[in-house]
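Chain IDs A, B, C, D, E and F follow the sequence of writing; residue 1 opens each chain.
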Amino acid sequence: MNTNIRISDFKLGDFIEGFFIIKSMNIKTSSNNKNFIDFNLVDKTGEINAKLWDSNKDDEKKYSEGKLVKVRGNVSEWQGKLQLKIIKIRPANDEDNLVIDDYVPSAPEKTEIMYEKILDYIREINNKDIHNIVSYIFKESKEKLMFYPAAKSNHHAILGGLLYHILTMLRTAEKLCEIYTFLDKNLLFGGVILHDIAKLEEMDSNELGIVSSYTSEGELLGHIIQGINKIEKVSEKLNTDKEITTLLQHMILSHHYEPEFGSPKRPMIPEAEILHYLDVIDARMFDMKRTLESTKPKGFSDKIWTLHNRRLYKPSYQNLNEE
Amino acid sequence: MNTNIRISDFKLGDFIEGFFIIKSMNIKTSSNNKNFIDFNLVDKTGEINAKLWDSNKDDEKKYSEGKLVKVRGNVSEWQGKLQLKIIKIRPANDEDNLVIDDYVPSAPEKTEIMYEKILDYIREINNKDIHNIVSYIFKESKEKLMFYPAAKSNHHAILGGLLYHILTMLRTAEKLCEIYTFLDKNLLFGGVILHDIAKLEEMDSNELGIVSSYTSEGELLGHIIQGINKIEKVSEKLNTDKEITTLLQHMILSHHYEPEFGSPKRPMIPEAEILHYLDVIDARMFDMKRTLESTKPKGFSDKIWTLHNRRLYKPSYQNLNEE
Amino acid sequence: MNTNIRISDFKLGDFIEGFFIIKSMNIKTSSNNKNFIDFNLVDKTGEINAKLWDSNKDDEKKYSEGKLVKVRGNVSEWQGKLQLKIIKIRPANDEDNLVIDDYVPSAPEKTEIMYEKILDYIREINNKDIHNIVSYIFKESKEKLMFYPAAKSNHHAILGGLLYHILTMLRTAEKLCEIYTFLDKNLLFGGVILHDIAKLEEMDSNELGIVSSYTSEGELLGHIIQGINKIEKVSEKLNTDKEITTLLQHMILSHHYEPEFGSPKRPMIPEAEILHYLDVIDARMFDMKRTLESTKPKGFSDKIWTLHNRRLYKPSYQNLNEE
Amino acid sequence: MNTNIRISDFKLGDFIEGFFIIKSMNIKTSSNNKNFIDFNLVDKTGEINAKLWDSNKDDEKKYSEGKLVKVRGNVSEWQGKLQLKIIKIRPANDEDNLVIDDYVPSAPEKTEIMYEKILDYIREINNKDIHNIVSYIFKESKEKLMFYPAAKSNHHAILGGLLYHILTMLRTAEKLCEIYTFLDKNLLFGGVILHDIAKLEEMDSNELGIVSSYTSEGELLGHIIQGINKIEKVSEKLNTDKEITTLLQHMILSHHYEPEFGSPKRPMIPEAEILHYLDVIDARMFDMKRTLESTKPKGFSDKIWTLHNRRLYKPSYQNLNEE
Amino acid sequence: MNTNIRISDFKLGDFIEGFFIIKSMNIKTSSNNKNFIDFNLVDKTGEINAKLWDSNKDDEKKYSEGKLVKVRGNVSEWQGKLQLKIIKIRPANDEDNLVIDDYVPSAPEKTEIMYEKILDYIREINNKDIHNIVSYIFKESKEKLMFYPAAKSNHHAILGGLLYHILTMLRTAEKLCEIYTFLDKNLLFGGVILHDIAKLEEMDSNELGIVSSYTSEGELLGHIIQGINKIEKVSEKLNTDKEITTLLQHMILSHHYEPEFGSPKRPMIPEAEILHYLDVIDARMFDMKRTLESTKPKGFSDKIWTLHNRRLYKPSYQNLNEE
Amino acid sequence: MNTNIRISDFKLGDFIEGFFIIKSMNIKTSSNNKNFIDFNLVDKTGEINAKLWDSNKDDEKKYSEGKLVKVRGNVSEWQGKLQLKIIKIRPANDEDNLVIDDYVPSAPEKTEIMYEKILDYIREINNKDIHNIVSYIFKESKEKLMFYPAAKSNHHAILGGLLYHILTMLRTAEKLCEIYTFLDKNLLFGGVILHDIAKLEEMDSNELGIVSSYTSEGELLGHIIQGINKIEKVSEKLNTDKEITTLLQHMILSHHYEPEFGSPKRPMIPEAEILHYLDVIDARMFDMKRTLESTKPKGFSDKIWTLHNRRLYKPSYQNLNEE
């Protein structure tokens, strides 16, 4: 039996034991009319579906989302994906002497530090109106930013993922402004910081950065429109210049680029154009990096839904190269 | 020579004289390097392009958009469309004893009366929050509503066209609520009245209901987003229930139905679904009625751009039938 | 145990007993190599899949499609949908003292009455040719119209669904003619009555309005072409005016509007345009009404396949409003 | 001056004289307010637009569609296409001693002979029902088949073009049946002969095979539906087996293959599948052959609208090869 | 029990015994945590999924892909497809006295003979450059051509399928050249022989013509690009005329016709156009023939994925006809 | 009269004089049957169409593409675009004392220097195989790289445009590798340098960087396939590792990303993904910068074809900001 194994190391047929966080759980009835619990478990390295067959009322009360549990089980396969058949499970307790943070999938930098670094970028915005509106909204959102992911299940669906996504994009934005010097840094930094800010209202996340569902308003309007609404109200309050308000709203409106992805207007200023590419590049690099980490050299990954169902290839030569 | 002829009666080869309004005018240089004025003239019945060749500085000053002029000319053809070659032109004067309103293409009902009829519909909205927000925005917009068309060049591009479009849709909405009784009249009436209200900010219209261009904000955001912004601000001011605000915004957001036509979300409540169809039906009926009025029985119209380039057919039997 | 419970009230984990109609049944072999019967059961309120495990030859003979049965079972879940595990089942018998009509999902009005009401509309058609052809086809189809649904599994898949669909559309058509007065009532009423009439040939329905399959001709040609064929033959017989025949065929041909939904020609007369919208609106309202009936206030429905996979939202305010 | 030159040999700047047929003519007014006649002239080799400037009433009466004229003029260019400026024009007269057939663009085989050859194919159809219906319709259409083209302006828009299209497809069909021996020759030959037969009703052609316009019924229904109607009526008359009727209708219905090209059903029998490819191949080969005839070796043709705007390449090696 | 039954004759509920080839096998773990072997078995007539439940290490070693086995089992159904529950299985042995070739799904002609027939076609290519390059590549590929299929799972996924596909297309090409005499036989034959030749590098096939996977290069480039690369290198070696090389590469590049199917250029010479249709027709006829062989007269097949999910219809009249 | 004026400063109605380069010229015949020369003139700042009416044989010989001319003329307008009516024109001569380079639209850095800078990047490639192949192809192409543009008429259609495009992308690539540190610099730099290298074979450019047409091979294969061919041959010569060759070919193959834009495979390695975005961003920034340079603050540009027909907006606030 492999103990203290990480999810990304699970292989078909393994008999494992370790600590994991319950990302979600549902009580269901099997075809033989008995209850079972359908878990999604995570640790820092990945996620796996797990079944506790023939569960009883007791089990159903003992566990809940966001809790750390110790699990023993067998790794099987269902429709091409690994699955865990739970043999033994119990809640973690004080004697286990664990810090939950060690099990939460989270951004590679601390949220407090990322928050401060983004404030530094805000300080560089030297147009008063843009500075004020961005600063106001960013600071007002601090509490949620400390844990929100950038998505429910795609790229950056990790604790602190939204801050990490913003920060990486700011770093790239800064560099692109050195190449394409006619770009306006104020608008671009402002757009980067605000482009996904309404994800804080679109999704419901717990403090581990796990999103269980979308809000009603999120379903009916979506984060693009919610972000525009937020700017509209804050601009009113701060008495922001009308053109600035419209430009920031336009950047948010157009950042998905294609109408069928939610942007009824395509970018009409170069800063909005760049904002779109910063966003796509960061999402793609995140997904590709993660995918290739679990792909063997000279091998192909599974089909990745978020990448138009492409399979990725991991060259063999890189390994040689790094030696 | 046909005097006092209406534009819809022009035929190739006619030698005509009559009064028309200048919808737009541009001074251009011809291939033989002389200036000419390129007019678009309208009357109640239609629109025609007209050229004043070899114009001089004097001419260029004497005329401007929105003015009534007396024109004599020949009806020729250019790329399949009728065109007027101006032989003589002068501004209308007091002695002509004309009322400009008789020449403006305009809605079949008076704007003051349509405005009042819509107020009657608003009175029927018995949800306090919807009533207040709709009433506030509608009354606040009164001045522009008195002349704005519903579009720059498509359906309802006539003086009072926006009010007429709203009023006709309200009449149909009322009737559909008698058939589909589970529909909420409050939401539906509210949605109809607000769905295009931000066209007042999207387009610049003169007091004859002629739109020369879109506003910058209109280009960058569009009337759907501008309408949502307006509701956001007014809701804040009136302290409107959050769900009501979101539902009205959702109706505006989804009323074009397809992402590629500007609606990032499709309708999620039946009232939003119906709003979309009321809008399309009214636009289509307006365009089809106008097209068939100038089509001969048993004949086909030209291809109509706003109708997916379809040609319409006018049956012969209807004529017999009406006798 | 819940006895006499309706399908729309089933909840996961329920232990229920009640009477239902067998919509379809198939004998299958399970992975453990035993036979089981795979039922779809319906009552007035809905439909559910049900399994009778380890069935024997006796069971397989005792039941057949369209029969009323008494069932006891447990409500479980399979791939996100409720499913019934049958514990006990028997055919209904005389002592149960039941009327099958009380269990058939059916239109809210009686078919005989709907048939008469449509005849009233036909009487209003005052063009002789249209009147005769519509009247002939409608009366000729009476027998099947008494039970046919309008679809196999989408909107109006209920006993008398086709008549109900036609009647509701006629009511709306009548009202729209009051708004858009240039529409020809004869053509529009005729088009509404005939637009889906060949569904009687496209699908095979039993007398409970349950469609088991499409006919060969229905698969190879489809109800649009079959309807055109029917008009072709009846026109020949009644010596109908050629233009009238063509216009009615055109209305049927174009009523799905988009080529990819089966209409090679888009509407070229306003009555055909309106016919399309009447059809869509009635289908959508039917599906939305039914969906919202089983959705909780402030909640979202499941994704509805027939509505582009949208989820519907049920506002909370309506409830307050209705008090 | 080049006399008796053929249209396909016209070059920019030529001063030419020759005999041509008036395919169409329209009287228009130029920007300097004078009438001119806008001709399309054809001969066996091609088509060219020609202008007779400053025409008078006399000219307008003297010429009409389908007439042979003698023309002298200059070959100029307008928007990338050659155009003829007419210097002198007169109707051909008896002294010219010409046979109009020598000037009509027409199929490479005589219509009478093609008609007989197709009858031979019909004799090979040994299913009685298919034979009878195909034979009946083909013979009934003889008069029009003697001159009808297969299209207004695309492939086979030549005198006898429809017969030539059918005959070539039959020859290919015969050969494919030798390769794919499971194909049913009766159905396939029947489908080939009937697939475009209703073009005789869809278009109005004069006896030179020149189509001026579509019929009303053609616009409202199209030749696919009109062909199905024809089969419906003839089947009724001949008491044809129902399945045969449906299969022939299905073949016509599906022969454009894609819904957006007019086929609401895709082929469900192999003979319908093959029919589609026979049709496309014959149209493509016709257009490609004609295009390459006027392309220089190692050169590219203009963009061909009927070939998805492709340009064709003419290899140089073929010339060497043929020596 | 049916012994020596062929897969295409399996029916739900059958208890069968026979010899089959293991096309693929995977060891999996069931939901009750026991290992089972998931086989795909084939014989000359078809393919079926089969499960050996509760397998042990011994079983897992005894079987491997490409081996002949004797199987006894029950035919059940899973998600609408037949499946075999294995009761008894053992490897075939010498005493069974079997020839594996009798069990491999393979082309109707022997590969050696097909290879020779294609050489005959190559001899007919009388352009030296084309002849040499085609001959070189074809002969160089002989070893693999002796068993390679034309696809992993679609049309011609049989032993010798690639040769059979090429040969049938050559036969049709020959016949089409008799109809469309301006086609260049050299180019067309060359294109047919080379169009799919790089499938030998794109896929990994065992000697039974069973493809287990794509090669890395096949995934990253695809057989169209790989084929172009092959021509590039061989042309260099044979010092082929540049235009010939480009034309052959163009034919390969464009033979899928649509960009979304892998052809960035559409055909620009008629031989490339015809090549595409030869390819499609042969694939479709193969799939349709096979599908109809297991469809009952007057019945419809299942939906065929490779045919846009169409169902095929098998007419009843053919049977009568053949008597 | 404005003398020595630059094309980007032309305004409707201007009477101008200056020196320009003939980008292209065609002799045409006007509707009044006289010859005229249709020029496209360029200078460093832009391009304009110009007409020399009533030209004679002498004129036609005196001028040719790539020559510097002195022109006097009037700026008029044709279909919304400025056009020059030439009053006087003559070739530039020695006494004008001009350097043609001052009139050629060209990259902002000298080609020799850009060439050297790219060599520096090549030196950083520390994988031997990638280094050798990239170095070989880049050096072999030096002559043409000294003047080739990156396109015929879109982005970077300037002298040295291809080098400038490559160099800017390398600079951005370098910076992105600092952010996304898992990217392989060798592959990415190699891909950037080779991605468009076959444009040197796809287009024919004169030494002023003006492309008159595509080559035959360019039309039939396109620069993506031509680039892959080049790598294939050079790899053979340099005996490059097979995987490296395939990866570089894959990067070229996938760099247009969408099949309909010429990439039959989408990127399967992150370096290919980034290559695509580097390419798009550089093209977009080039076009946007140039467009905004001639747009007034608070104004919109014309619709830009290369930007999905979008109009760009130039904010007013930037101007204030820069003071």
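Assume a contact is a pair of C-beta atoms (placed from the backbone, for glycine too) under 8 Å apart; a residue touches a chain by one contact, two chains touch by 3 or more.
These are the chains along with the protein names UniProt gives them: A, B, C, D, E, F = 3'-5' exoribonuclease.
All of these numbers come straight from a predicted model, not from anything done at the bench.
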If we look at chain C (3'-5' exoribonuclease) and chain F (3'-5' exoribonuclease), which chains touch each of them? A, B, D, E
Please report how far chain B (3'-5' exoribonuclease) has to rotate so that its Cα atoms sit on those of chain F (3'-5' exoribonuclease), a copy of the same sequence, as a value between 0 and 180° in steps of 5. 120
Pair in A-F, B-F or D-E that repeats C-E, with over half of contact pairs matching by residue number: B-F
If you average the CA atoms of chain B (3'-5' exoribonuclease) and of chain D (3'-5' exoribonuclease), how many Å lie between those two points? 43
How far is the middle of chain B (3'-5' exoribonuclease) from the middle of chain E (3'-5' exoribonuclease), if each middle is the mean of its Cα atoms, in Å? 61
Give the residues of chain F (3'-5' exoribonuclease) touching no fewer than two other chains, as numbers and ranges. 216, 219-220, 243, 247, 268, 298, 300, 311, 313
What are all the chain pairs that meet the touch criterion? A-B, A-C, A-E, A-F, B-C, B-D, B-F, C-D, C-E, D-E, D-F, E-F
Can you list the chain D (3'-5' exoribonuclease) residues touching chain C (3'-5' exoribonuclease) in their complex? 216-217, 219-222, 224-225, 228-229, 232-233, 236, 242-243, 246-247, 249-250, 253, 259-265, 268
Touching chain D (3'-5' exoribonuclease) in the complex, chain F (3'-5' exoribonuclease) uses residues 28-31, 33, 216, 219-220
Residues of chain E (3'-5' exoribonuclease) defined as touching chain D (3'-5' exoribonuclease) within the complex: 126-127, 168, 171-172, 175-176, 178-180, 182-184, 186-187, 241, 243-244, 247, 266-270, 273-274, 277, 280-281, 284-285, 288-289, 292, 298, 300, 308, 310-318, 321
Complex interface listing, chain C (3'-5' exoribonuclease) residues touching chain A (3'-5' exoribonuclease): 12-13, 51, 74, 76-78, 85, 298, 300, 311, 313
